[in-house]
Amino acid sequence: MSEEVMNGLKKDYLYSLILKNQRADGRDFEESRDIVIKTNIIEKAEGSASVKLGDTYLVAGIKIQPGTPFPDTPNKGVIITNLELIPMASPNFEAGPPGENAVELARVVDRGIRESHSIDLKGLCIVPGENVWLIFIDIHVIDDGGNLMDAACLAAIAALLDVTVPAKKYGIGEDFKLPIRDIPIAVTAVEIDGSIVIDPSIDEGRIAGAKLTVTSNIDGSISAMQKSGVGLFTPEQINYVADVAVRRSEELREKFLEL
Amino acid sequence: MDKPEKFIIDGIRLDGRKPDELRPMKIEVGVLNRADGSCYLEFGKNKVLAAVYGPREVHPRHNQKPTTAVVRFRYNMASFSVEERKRPGPDRRSIEVSKVSREAVEPMIFTEYFPKSAIDIFVEVLQADAGTRTAGINAASIALADASIPMRGLVSSCAVGKVDGELVLDLMKDEDNYGEADMPVAMTPDGEITLLQMDGNLTREELKKALEMATEGCKQIYKLQREALIGRYKKELEEHKEDVELVETITESEETSIESTTTVNIDESGGLDDE
Amino acid sequence: MSEEVMNGLKKDYLYSLILKNQRADGRDFEESRDIVIKTNIIEKAEGSASVKLGDTYLVAGIKIQPGTPFPDTPNKGVIITNLELIPMASPNFEAGPPGENAVELARVVDRGIRESHSIDLKGLCIVPGENVWLIFIDIHVIDDGGNLMDAACLAAIAALLDVTVPAKKYGIGEDFKLPIRDIPIAVTAVEIDGSIVIDPSIDEGRIAGAKLTVTSNIDGSISAMQKSGVGLFTPEQINYVADVAVRRSEELREKFLEL
Amino acid sequence: MDKPEKFIIDGIRLDGRKPDELRPMKIEVGVLNRADGSCYLEFGKNKVLAAVYGPREVHPRHNQKPTTAVVRFRYNMASFSVEERKRPGPDRRSIEVSKVSREAVEPMIFTEYFPKSAIDIFVEVLQADAGTRTAGINAASIALADASIPMRGLVSSCAVGKVDGELVLDLMKDEDNYGEADMPVAMTPDGEITLLQMDGNLTREELKKALEMATEGCKQIYKLQREALIGRYKKELEEHKEDVELVETITESEETSIESTTTVNIDESGGLDDE
Amino acid sequence: MSEEVMNGLKKDYLYSLILKNQRADGRDFEESRDIVIKTNIIEKAEGSASVKLGDTYLVAGIKIQPGTPFPDTPNKGVIITNLELIPMASPNFEAGPPGENAVELARVVDRGIRESHSIDLKGLCIVPGENVWLIFIDIHVIDDGGNLMDAACLAAIAALLDVTVPAKKYGIGEDFKLPIRDIPIAVTAVEIDGSIVIDPSIDEGRIAGAKLTVTSNIDGSISAMQKSGVGLFTPEQINYVADVAVRRSEELREKFLEL
Amino acid sequence: MDKPEKFIIDGIRLDGRKPDELRPMKIEVGVLNRADGSCYLEFGKNKVLAAVYGPREVHPRHNQKPTTAVVRFRYNMASFSVEERKRPGPDRRSIEVSKVSREAVEPMIFTEYFPKSAIDIFVEVLQADAGTRTAGINAASIALADASIPMRGLVSSCAVGKVDGELVLDLMKDEDNYGEADMPVAMTPDGEITLLQMDGNLTREELKKALEMATEGCKQIYKLQREALIGRYKKELEEHKEDVELVETITESEETSIESTTTVNIDESGGLDDE
């Protein structure tokens, strides 16, 4: 009960701030929290990255091994994206197979990478119909500080940029860097009492009505979108978020030059 | 089918539709006995059933919410609904579709009227042909109304896609398989968006136009949904002759208002697509 | 509690009717409810049928694909029968893997078809020991109005009669109709307060002591029986139900001439 | 073993039995310490253990029934009980066998004496050779008595099958594999049927005769079950010398009544078969 | 509640006995309960044994069939050890996949056999990298009277000694006895109020702080150890238990000459 | 790596360590925001995270213990932590490691202070290189302290193994793969043993010596754990300037007592190994 009272108070407080064009951590509505990306943190993985986005912390590891292609794409490599909301990361997460939130996060990350054609899957064919490179993207959420979506997308693409395909180990020629052709960046916004704020903190995420993630590419086009949450957007709000997301993704993409 | 060279020839799509045309849609309301509300819906080759139970008790109890109803949505594909037999049970795709579908209809339900209880929505896909999630949402929305669940309004859903570089409404299977973008949308009668997903490639200008096309598509579907519910209502009334006189007045005026805003009917209007 | 009171009242009412040789819906003890069978309702399935038996409604779909035979029957096709009591069909059904009722239903349907040698499994061998036709019978219960067993058996055999084996699609010769050599029909009876009634409604099924399903063939022989429920039958009752079932199955079999 | 040409030669089956003869049966009562009641039973090459716990509390509580006990029955085959190693855990066959076995014994239990509680019956098949479900039901029935669960009577179970076009009692493995019908039955001491399954092919006349044969088989088994329980009872009494005098009178009279109706004993009587 | 009171009383009673150097069943601290081992009890298994250790009763069955070796040991047979705490054996066991206790028991049994090199796995290779003998050790706990670990280890090794490899059945030469090169024996001790007792009864196991299993070989060396339970041992206690275990295992090993 | 001919040459191991030397260890306390206590720990190439939540409510309620807290321990390996990708979710090995790890730390927790509640310990292995369970226990012990869970003392853990017939402290991966014995141990500050596992081959004399080596190893680790916690404590104090004066006195005297018993520091001391 007292927890519900607290949540009510917190909600009222955040609402009152929004009315005054303010956020609890002093950010502007279009401002992200600080981001720290580190790559090559797990030597045993073929690629890896950790992302800190404000209080959110997660790790992505890429494992690569040869395997059978899907029957309908015999000459293409395979991407398998998995995300776990391990109970370490939040009192709200439980052990067990991925629930709907983890599945949604993994699938939106996957679509962003896949639909931007970021990875040249045809370049990952070894023997057509028989042997291709399987790319396992595993994202481990360690600390849930809100907006896991953007952090997960950043970690996935950062880890992919770090990948060396271990061809030699399997006797399939020389090792080579995974060719990455685009850097899709996801930007998430939420609607709170009619206002739109970018990169919601965990408390903002909790009181938000609807959430929208827009993943955009180097050329400014959009490769994935996902609305979630029990709430509504007007078409105008969608277009506004898309604009902000494309702008913001350009700034974030510069992060990757630093790596 | 292999990829055709062109999807739109002289402004006409492979199945004869215009770019902004929906597939045919057929709606039957109240088709099930056990469920509190139900709907069978076909559009294009999609065949879906929606059923609603509730408000009812929540088991186990710690899943109850003290101040609102819990809305649950289970989207399921029958094993025989697709080309290759699908293993029974939920997969990652159906878990995601269930989640976004729930979030598409829940904003319209007065959940605060039913604290501690559950409203269960079940969508079964009997045949799939691109657009099953939008079909399911359209059917679920009607089933909710049929179950007399208090709602702010019906939700209507269709997809906009891109083929041959051109935006088209309501992708059918081949357009979906080889298309350049797919964007399922669900909307309130006021044009507010409760579902939005997209994969593929859209410029910001295309997104803007796509949202406008989706709005038009959802409007058409809304009218079909409303028509189907009124049809059901009239049929019920006819079964209670004593009430007919009073009712006819009501329904006629309703019908008039419909006819004044639409010329769509079941045979010549369209369907939905969402993947 | 009030639900239990209602159930008690309903039980008393149905019992009192039975004593007067009556049923709640006016049927005779040996009378079935109306049956509507439709076939070829799912174009994507190789065979399909819906069955309405009174308030009960279910759909069967058949998928056929080549696959590996069982090691002990290398030159025979394979039947896999699955039935789901999806939560749409009844407030008493829950999502999840099939429970004991669904498993029992599927297995009794399967035995009726298998033991009547209705399908010529030897005719479904492609390459002995390597490749045979797999026949997946999937039954989806949509609306539980009682006596799912008889409806499920009808739907399965109706869907099988509708099957075209898609040989061409897999490059294995021309498509052909699945050869059906018998039409096994299941008839279920329940014991209520000493009386036997056929095709129980959902309320009758609920208050019944024991239930007996008899699946019989064109030649009047029996290919499967299953007693279920917490109750007893005398041998005389069993023989009586068998007689009624064989008679009734002959009437029902005529339904299939209409398809 | 490959299919033999004939299963019955000069009225004698492959294992030397007559058509209406059961396999040998061996019963030990009260073989387990932890269980409230238990029974080890062999017949033919089948070896099964049954244990009963209860009446005891039901977890989780929403599985309780307000006016009667819940009866639960778990039939399980050990991985090593069959030719090819069986994966541990329930499969579809064992789920069905558990259900019909529960329904075979539950009608005889005074469940109304123990509202809100559970009676748990566990059958483990250590070796299987056709007829495990009937073996399990026979053993379970004894274990229930051993656990002092109030019952209307013991349930006895055996199968009737058809080989070479002839009805035979209690199929062994090869008869089951290549036979034309198999019909496991369970019966009350009054000859009422609590379990009946059949697959294969029987005419109505054969069914009638098969039920008669099953009745005879179950009668024989009932006597063996009763004998085993009395043996157990006497043994317990011997362990409480002070009570012996009173008891001997009772058991002698019991034994007399048995001997008057049967000449079967453990070595020359038979077993059961149910699949 | 009353059960907890009973447990408290039982605990006090056992503690008071221990203080007087006594055990409830009259045994010395270093004394095991009676052991009865029977082999070849399941004809359908390639090897089998039952073990009664006081009130504890369990059965082990060995199934052997050809199969694929692990990639990293292409010329070795495979041991798979499984143990089930079936609900028949105790009111505390539940149906379902093995829990942590069953998994631990199986793994300690497995390690004792594996690490003592009791089975010559290289002798179980049929075609290197392709076909080897798979040895399934399945242990069925029937009656939990305490100290399942020692009983399970005894049953496993007794059943292995009983094994005939069914080579003929699979057309791979003549049947042969599984060559066993060592007889690892596990001995378990528990700490109760500072004292160490061997082969704990179920009540002793329940009130014990910590438990230690030591599996030793013919040559007196140790092949596996496992401490379990929420309690502590001093290094001296560990060494003491190891000494007792090695001594006791020599006595037990003589049991196997009787088989 | 293939098996090397010798693991110890002139008293030096393949990675340059002496037989009784631990791998380098790095400890960070309080690295997570959501958890009540946390620790990141590297030693050798192992990288593990530990988090503690609690005391907190137990769901479902029938898992509560009326007089003590329930301690739960989940050891989990990330899919990318090992050479071949590991399937997500618990396997038999991680179920066993979770159990013995819980039993390694639980004896030190004052569980009786928190009846009906749960203390949850989560260990995630981000990179594995032999010794992950000992690393996890060391990190968990610190995370418990960081969460202010009342404890009798810290638990410290390392393994002793045998290679080339010689006992060595803290096996690294290659020594573990080809070694003759592996014995992970966890100890209280008083040298009492809370975890002990062994597989391989040890004589009784070797066991005795191995326990002595483990005791020395755990002592060194204990000091590193204590140092890390004091570092964390000081940092917190610095963030609350007003309290500094009082505190400095305390921590200085603490530090002195540490320096008087150890010369180990983070860079030159070692790690742990348990498999």
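When the chains are written out, they are named A, B, C, D, E and F in that same order, and each has its own residue count from 1.
The rule is simple: contacts are C-beta pairs under 8 Å (C-beta built on N, C-alpha and C of every residue); 3 or more make two chains touch, one makes a residue touch a chain.
Note that the structure is a prediction, hence the values are computed from the model and not measured.
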Identity of the chain that, by mean CA position, is farthest from chain C: F
Label of the chain whose CA centroid is most distant from the centroid of chain B: E
Rounded Å distance, chain A centre to chain D centre (Cα mean): 60
Chain centre separation (chain B, chain C; CA means) in Å: 32
Whole-Å gap between the CA centroids of chain B and chain F: 55
Where chain B touches two or more other chains, by residue: 60
Sequence positions of chain A contacting 2 or more other chains: none
Complex interface listing, chain C residues touching chain D: 4, 98-101, 103-104, 106-107, 111, 114-116, 209-210, 212, 217, 220-235, 238-239, 242-243, 246
In the complex, chain D residues that touch chain E: 32-35, 45, 47, 49, 51, 53, 56, 74, 76, 78-85, 88-90, 120, 122, 124, 126-129
Touching residues on chain B, where the partner in the complex is chain A: 66, 92-93, 95-96, 98-100, 103, 106-107, 183, 188, 191-204, 207-208, 211-212, 215
Complex contacts: residues of chain E adjacent to chain D: 41-45, 48, 55, 57, 59, 61-63, 65, 82, 84, 86-91, 95, 97, 136, 138, 140, 142-145
